[in-house]
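You will see subunit A twice below: alongside subunit B first, and alongside subunit C after that.
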Partner chain A sequence: MSETTGRTIVLDGQEVSFERGETIFQVAERHRKEIPTLCYDERLDPFGGCRLCVVELEGARNPVASCTTKAEPGMRVTTRSGKLEMHRRVLLELVASENREVDVDELSGYASQEMATLVDRYDARTGRFAGRKSGTSRPDDPNPFIKRDYENCISCYRCVRVCAEQEGDYAISVMNRGFETQITTEFGGLLKDSSCTFCGQCVQTCPTGALADLKALRHVEIEEPVEKTRSVCTYCGVGCAVDIMTKGDQVVGIQPAMDGPANEGALCVKGQFAYDFVHHPDRLKTPFVRDDHGRLVPATWDEALDRAASGLLAAVNQHGRHSLYAVASGRAPNEAGFTLQKLVRAGLGTSYIDNCSRA
Partner chain B sequence: MTPSNEELIAEAKERPAPLLPLLHRFHERDGHLSEEALRAVSEGLRIPVADLFGTVTFYHHFAREPGGAGAPRVCTGPVCRLNGALGLLGSLDGATEMPCSGRCDEPIPVLRGGHTLVGASADTLEFRDTPLPPPAPDGITECVFAHIRDADRKTLSGYRRTGGYRALETAVTSMTPEALIAVVDASGLAGRGGAGFPTGRKWRAVREAEGGPKTVVCNADEGEPGCFKDRALMDHDPHAVLEGMALACFATGAPRAFLYLRYEYPETERLLDAAIREAEEAGILGDDVFGTGHEIRIHLVRGAGAYICGEETSLLNSLEGKHPFPRNRPPYPVTHGYEGTPTAVNNVETLASVPPIVVHGADWYRGLGLGDHAGTKVISLSGDIVRPGNYEVPIGLPLSTLLYEWAGGPPEGRSIRAVTMAGLSGGFLAGDDLAVTLDEPSIRSKGSFLGAGGIMVFDDTRDMIAVAHMAMEFFAHESCGKCFPCRIGTQRLTERLAGSAGPPELDRWLDEVADLNRTMKETSACGLGQAAPLITESLLRYFPEEVRQHVQGD
Partner chain C sequence: MSNPLRDMEKPDVIFCIGTNMTECHPVAATRLKKAIRNGAKMIVADPRTIDLVGYADVHLPLRVGSDAALLLAMAHVIVREGLVNEGFMRERTTEAEAFLEHVKQWTPEWASTITGVDAALIEEAALLYGRAERGAIYYTLGITEHICGVDNVQSLCNLALLTGNIGREGTGINPMRGQNNIQGAGDVGAIPNNYPGFQPVTDPANQAKFQKAWGRDIDLEKGITKVRALERAGEQIRAMIIDGENTVVTDPDREHCEHALKSLDFLVVCDLFMTETAELAHVVFPATGFAETDGTQTNTERRVQRLRQAVPPPGEAKPDWWIISQIARRMGFQGFDYESAKDVFNELCSLSKTYAGLDWDRIEFGEYQWPVPHEGHPGTPRLHEDGFINGRGIFKLINYRDPAETVDDEYPVWLTTGRRLASYHSRTQTGRSSGIDYLLPEESLEVHPDDLAAWGFQDGDWVDMASRRGSVRIRVSSTTRSPRGTVFSSFSFNDVPVNILTGSGYDPVTDTAELKVCPVRIRPAPIGGDVAAD
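And then the complex of A and B:
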């Protein structure tokens, strides 16, 4: 029939085309099949651990994991059937049975609701398969950023894989095997003693909230709903897209934008966790200048700029134009950087100008 | 003089697949793997230290406490438990359990450092040679065991005197690789590790695959409980295994081969190591095989205690020093094996079958089987049977002939209640289903499989719930943790067979177990999780009344 018409598969009875190298899951995603997954993160190599994405493939003895199976011309694939839905429900009942809890606060992390959402979708909140729970939490880890609540871990290894594949940090790994599996650092130590950079990527990919954003969770008690506002991280010149989470007027956390063109879901420790300055009592809300006694007193912008300009000019007059060196902040936009170099080169007459992002 | 960290690392970097050999060197030198040693290895081999730490914890024989490497480890596999292993364990200072260590034909193996002792009690432990296979009945022609009982067969001179290395010499001097593959293909030889993939076809796929260098791997990680055939072959006929590997290298075009040996066979490691050196010195292996200019190097790598490493893709990850999770397939090892090169992974028995096939011809081998079946299969028989041991049977032999005529049946006054198939992986056969013949079609028709050929016999005094629990506990212990159905399912089935968790009502209990069985069989990522539920499935099939009593407690 379609043996010469190129790359197509039959997906739930409909002939669809695919690109070379695409997996069945990727093709199905494009056709909005909503195949459930827990170990999948599109930024990572397919792993094939959770088995929720199994689909029926004509000619195969057992269902195959769609995330690891490449589409081949002529495949006939069924993404939803009584048998598949039964397997998915049993698998979800199984992971629910090994965890202390299914429901975690949405402030825990970007992907933290994945498991609870699937458990509800498959009506798998049944209490079946009761037995020993897996994972040992690490409340002894005093780091202020990442909660290590492994009693809610389902061993999908997204954290380990994102740390290795996306960050290249290899700070965490898989210890032991089978039901005794445990996410660990080298020799079971604290994150601060490992090569962890506290980028928070593991937190944001965790589908159960086992790894959770400790700083955001400080605001669990605020009653108002979480609102997300798309913005750009102000720390450096990369321009990572972030979603600033607020409850009312309170910034409660930062999440990386998975569709951010510059970062594709990545952030560093500063962009992820260093936002306390926003509401900090020490935060400057007006310029300050020193009075005759050397004390800092509030001033208007005009007063402050006049004072700065006269000080700079005095230095140039007294010590020459090369006595000045300007460093533009990486947090400033390009336009401000341009203006500064104009001021330094044309206004003050020196080429001693740099940008901190270059260091 | 004790070698320094730097010396050990420099030595390891000289060879391919350096991680496991290096870890063993540290383990033996220090008596455990210390943090300092692992940091040195991490730096020396450029492996992130967290990864290395995680991987080391995967293997149950690597001790991380001082003195751990030399502490006694007692086999508490299914047959050794029948023979009082738990008592022996309790009577040995500092002893810990290990899963079946592949010596089920006499009680009870204890691993102590680099030595295996055998005995039923602490005061009778002694070193003994691996038992030879019992003699074959009259009229039976063997393939791999034909010469195994010959004097000095394990030495190079003894091996050559009884026709050894003739097949290799013939192949490299007067055959093309294609002709050798054609012979193996025509013989009907298929994977004797249990998967049953046609050997000739596998070799051709590797030969024709793009890229290189090609690699041959001999899978000697005989971890299946109740299987001890590869130990007998390697201990008494090591050169036959090496010759088979060399033939596989010639056929596939591989200049190198690895023999991945399970940790529990330390004597075998020394013997194979000496055999490889002997064969290299004689110009049979090395860079000029029989003066033909062919290069065939065999590297011996010792495992460290992980059943899953008998799964070929886990084995390849283990060889490469990676975390030994099974890989997703496709691609298969024939195109993407060791370090991504085309690789033939063959079982010990498969490889040892090849030299006789080359000498006697494909038709001879085909004719050894009964009816339409080609060739022979070694069965490791143990448990409640008068003459346990390794038997090379014609494929298609009735199971009852093996049990009663060859091996003397159950002990006097008892009857056979059930046998396991494929070690533990095939679950139980019992009742009328014991009338099977020893070939895959017959055994698969009963919902089981022959696999690697381990058969454990349980007589009418045995508690089958306890046996099933022991079996499932093994699978849970060995589950790698990669896929959900196996990782959680083996644990939940173990708890239900132990009676420590699960619904108290029979219908709900059966419902849960049936769902676990089905989802594990159909969605697990590898053979371990797919096979483990055969234990519970067959238990329910043959022993429903015992299950009812177990659940309802009456």
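And then the complex of A and C:
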């Protein structure tokens, strides 16, 4: 052991340093150890519920949960062994057996593939424990955003914890124990009648798709693969980073960027669910110009641009450069405002421009 | 914001005033809730019992438009109790003495007569903020959308200067910007007084710089605000280009606004939809929107982030910068040969002092908050850490002023307006997204149950609500969120165009409209009849 720093542990035979307060899991993750987890979400307080992340600790009688155990100087930790892998596999076989299905569509949510991925990695699709199921789904909840398919719930409580710890909304909680465990709102009612704000955070952290993005799932049938494009929500000044999910030319859903610098994985109901204006039939698809009868009619770009330029110039020629005014958008990107202010300044030499911040 | 969003988890005392954060900036509000879970105390000053009040230690239910009086009295208590940060005032501020003298007269008892808040509560709030180790102020349009908006902001600055709650982690004066890129619109110079990067147009050195860059003479005078331009429409102002703003619905005094736009010789509008404003245009251009546009946008903490295109736009829609550049070229203007958003952004960076150290590639991951004065600079998450940009923080002597209109026998009720969580502005987007109606199917007027009873209405009744400018028909809903004598509605629904009523006055410095205060009268709606014609 290093005598100089003192703050090191031995991880799978290799001496590594750690920072005060770090858990064994965090140290191991930094060193690219692949410890499986199910109830862990790095944004939440460690919970220690699923015991999938157990590691062997020299001197300890039983394996310990690495997500809740703080690293201590001198610890000797084994993250992988035949015994551990066996333990993990049995655990996975058990949780898988309690669920109606293991495979859920990736549109269900950000973390929705975690369970299925682990079950495959550990070859735990054995059906050995087939039998009792846990959780009662709530198909009666007519909300258009969140599917409450608790027959796929594994009681990791990530949803309850994200709602409390990240959102501060406390809309959902846990009722009963064991096979009777049930995620529920107060009084067992609909989400709409609880303090739920439909932020979608529970959906995005659920590792099984038990809570799932109903709006995205409308697009399950589209054959193309899901692609993600990193962008920024355009609903308020917070600037939450999002991944726009597309299949071909179709936006099929939004997921929060867990590493978004302004939002760190959070979103609200607008950013999460109010995106389908993008493909709305009311969108303008061509320019329009006013015809001789005073009606706005579709026009080609050439026509419309010429009409715009000559109409604006006519005013300027007749009434001077201070007769043209520009209003920039507080919603369009920086490039829109920049070119518009340049039009009045570089084009006409005025500062006759404003944006919508005064109203 | 002077401080980064991340700092919202750090204060030990939070002072929210005129911000309905859980509805307007829900993701920011989650940060405050974390601070509170970690033991922070919170003061919420708002006429209504908004959700944030549920997390607060002190609620100051002030009468709409009386913020300046409240803040003067808080300063009074802080000074009287010796809670001022003398070292900070000495080293970093000016005009402190005059201010200390000025606030002596404005007692909580005096403020109580104006705000309607108990003097003892004002006292309690002042002591809480005054004793804070790290006190942070958050505000939004509830502070600025008044004829005294500038006074209100300066009153908040006075409090922060008095207690040294600025330039450190978990402190600051933090306006939460409403629209996604309203910060950026100012940054890029789409304002009448500044070139890109807040370089005043009235400074001859800036004038010379931009004349050289763009090869033509540019006025040394400021332009005029939008409010003035609309006033002069049809006279001095003959043509307008409006980019992505539904002016008719979101601006105050709708009738005046519509009339102004109709009296132009020529109007060009770029938007995603055929909005009420686009309907009035001579030429309408289809713009690309979210998920279709490459570009940049700047958030409320001055963070510059990239927007990326994920799908092709509908039909022939084009990015705003392209449309505007094409118009400029056809008007015969030079310097609009951009080929991409990247070209435009890089030109902006080359001319802006605040973006000087940025370029398109450098903001790939959005980690920079301006100012970024030169390449290699790490950005500035927290402003004023080592000093104020203009030297010292200046105390301003503010006096309370009444709103432009106050309640009287004819218009006896205060109307205040705002937003709701599930809808956005004029709903051109949220209104066209499926499922949103499940949460918020229609607008209603929030009225205290005792007022409803006193006025002889039932929950859900239709009423005609009139101000000096017009009348709208709306359903009432009974809620103790509204205090007695004050009603609330959002301006998001076109069938309840609340901005027909508002627009009684404007801040003399910024021309910001007084949207938050409007005296109204409320009458039963004649069943089956048309909207009362007044």
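FYI, the second predicted complex is superposed on the first by the 278 of 359 C-alpha atoms of A that agree within 3 Å, B and C clash if a C-alpha of one lies under 4 Å from a C-alpha of the other, contacts with A are read in each partner's own complex, and residues count from 1 in each chain.
Just so it is clear, contacts are C-beta pairs under 8 Å (C-beta built on N, C-alpha and C of every residue); 3 or more make two chains touch, one makes a residue touch a chain.
Keep in mind it's a predicted model, so treat the numbers as computed, not measured.
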*Which superposed partner A:Pro261 touches (first subunit B, second subunit C, both, neither)*: second
*asked:* Contact-wise, after the overlay, does A:Leu324 reach subunit B, subunit C, both or neither (first, second, both, neither)?
replied: second
*subunit B versus subunit C as contact partner of A:Val278, first or second or both or neither*: second
*Which of the two partners, first being subunit B and second being subunit C, lies in contact with A:Ala60: first, second, both, or neither?*
neither
*Could you look at A:Ser97 and tell me whether it touches subunit B, subunit C, both or neither (first, second, both, neither)?*
first
_If touched residues of subunit A are counted for subunit B and for subunit C, the larger one_ = C
*Where on subunit A does subunit C make contact in their complex?*
142-145, 165-168, 192, 197-199, 215, 227, 229-241, 244, 246, 249-251, 260-263, 266-271, 273-280, 282-290, 296, 299, 301, 304-316, 318-319, 322-347, 349-359
*What residues on subunit B touch subunit A, complex-wise?*
35, 38, 48-51, 53-55, 57-58, 306, 308, 323, 328, 330, 476-492, 495, 500-502, 512, 515-516, 518-519, 521-525, 530
*What residues on subunit A touch subunit B, complex-wise?*
38, 46-52, 54, 62-63, 65, 68, 70, 83, 86-87, 90-91, 94-95, 97-98, 128-132, 134, 154-155, 164, 170-181, 184-188, 194-195
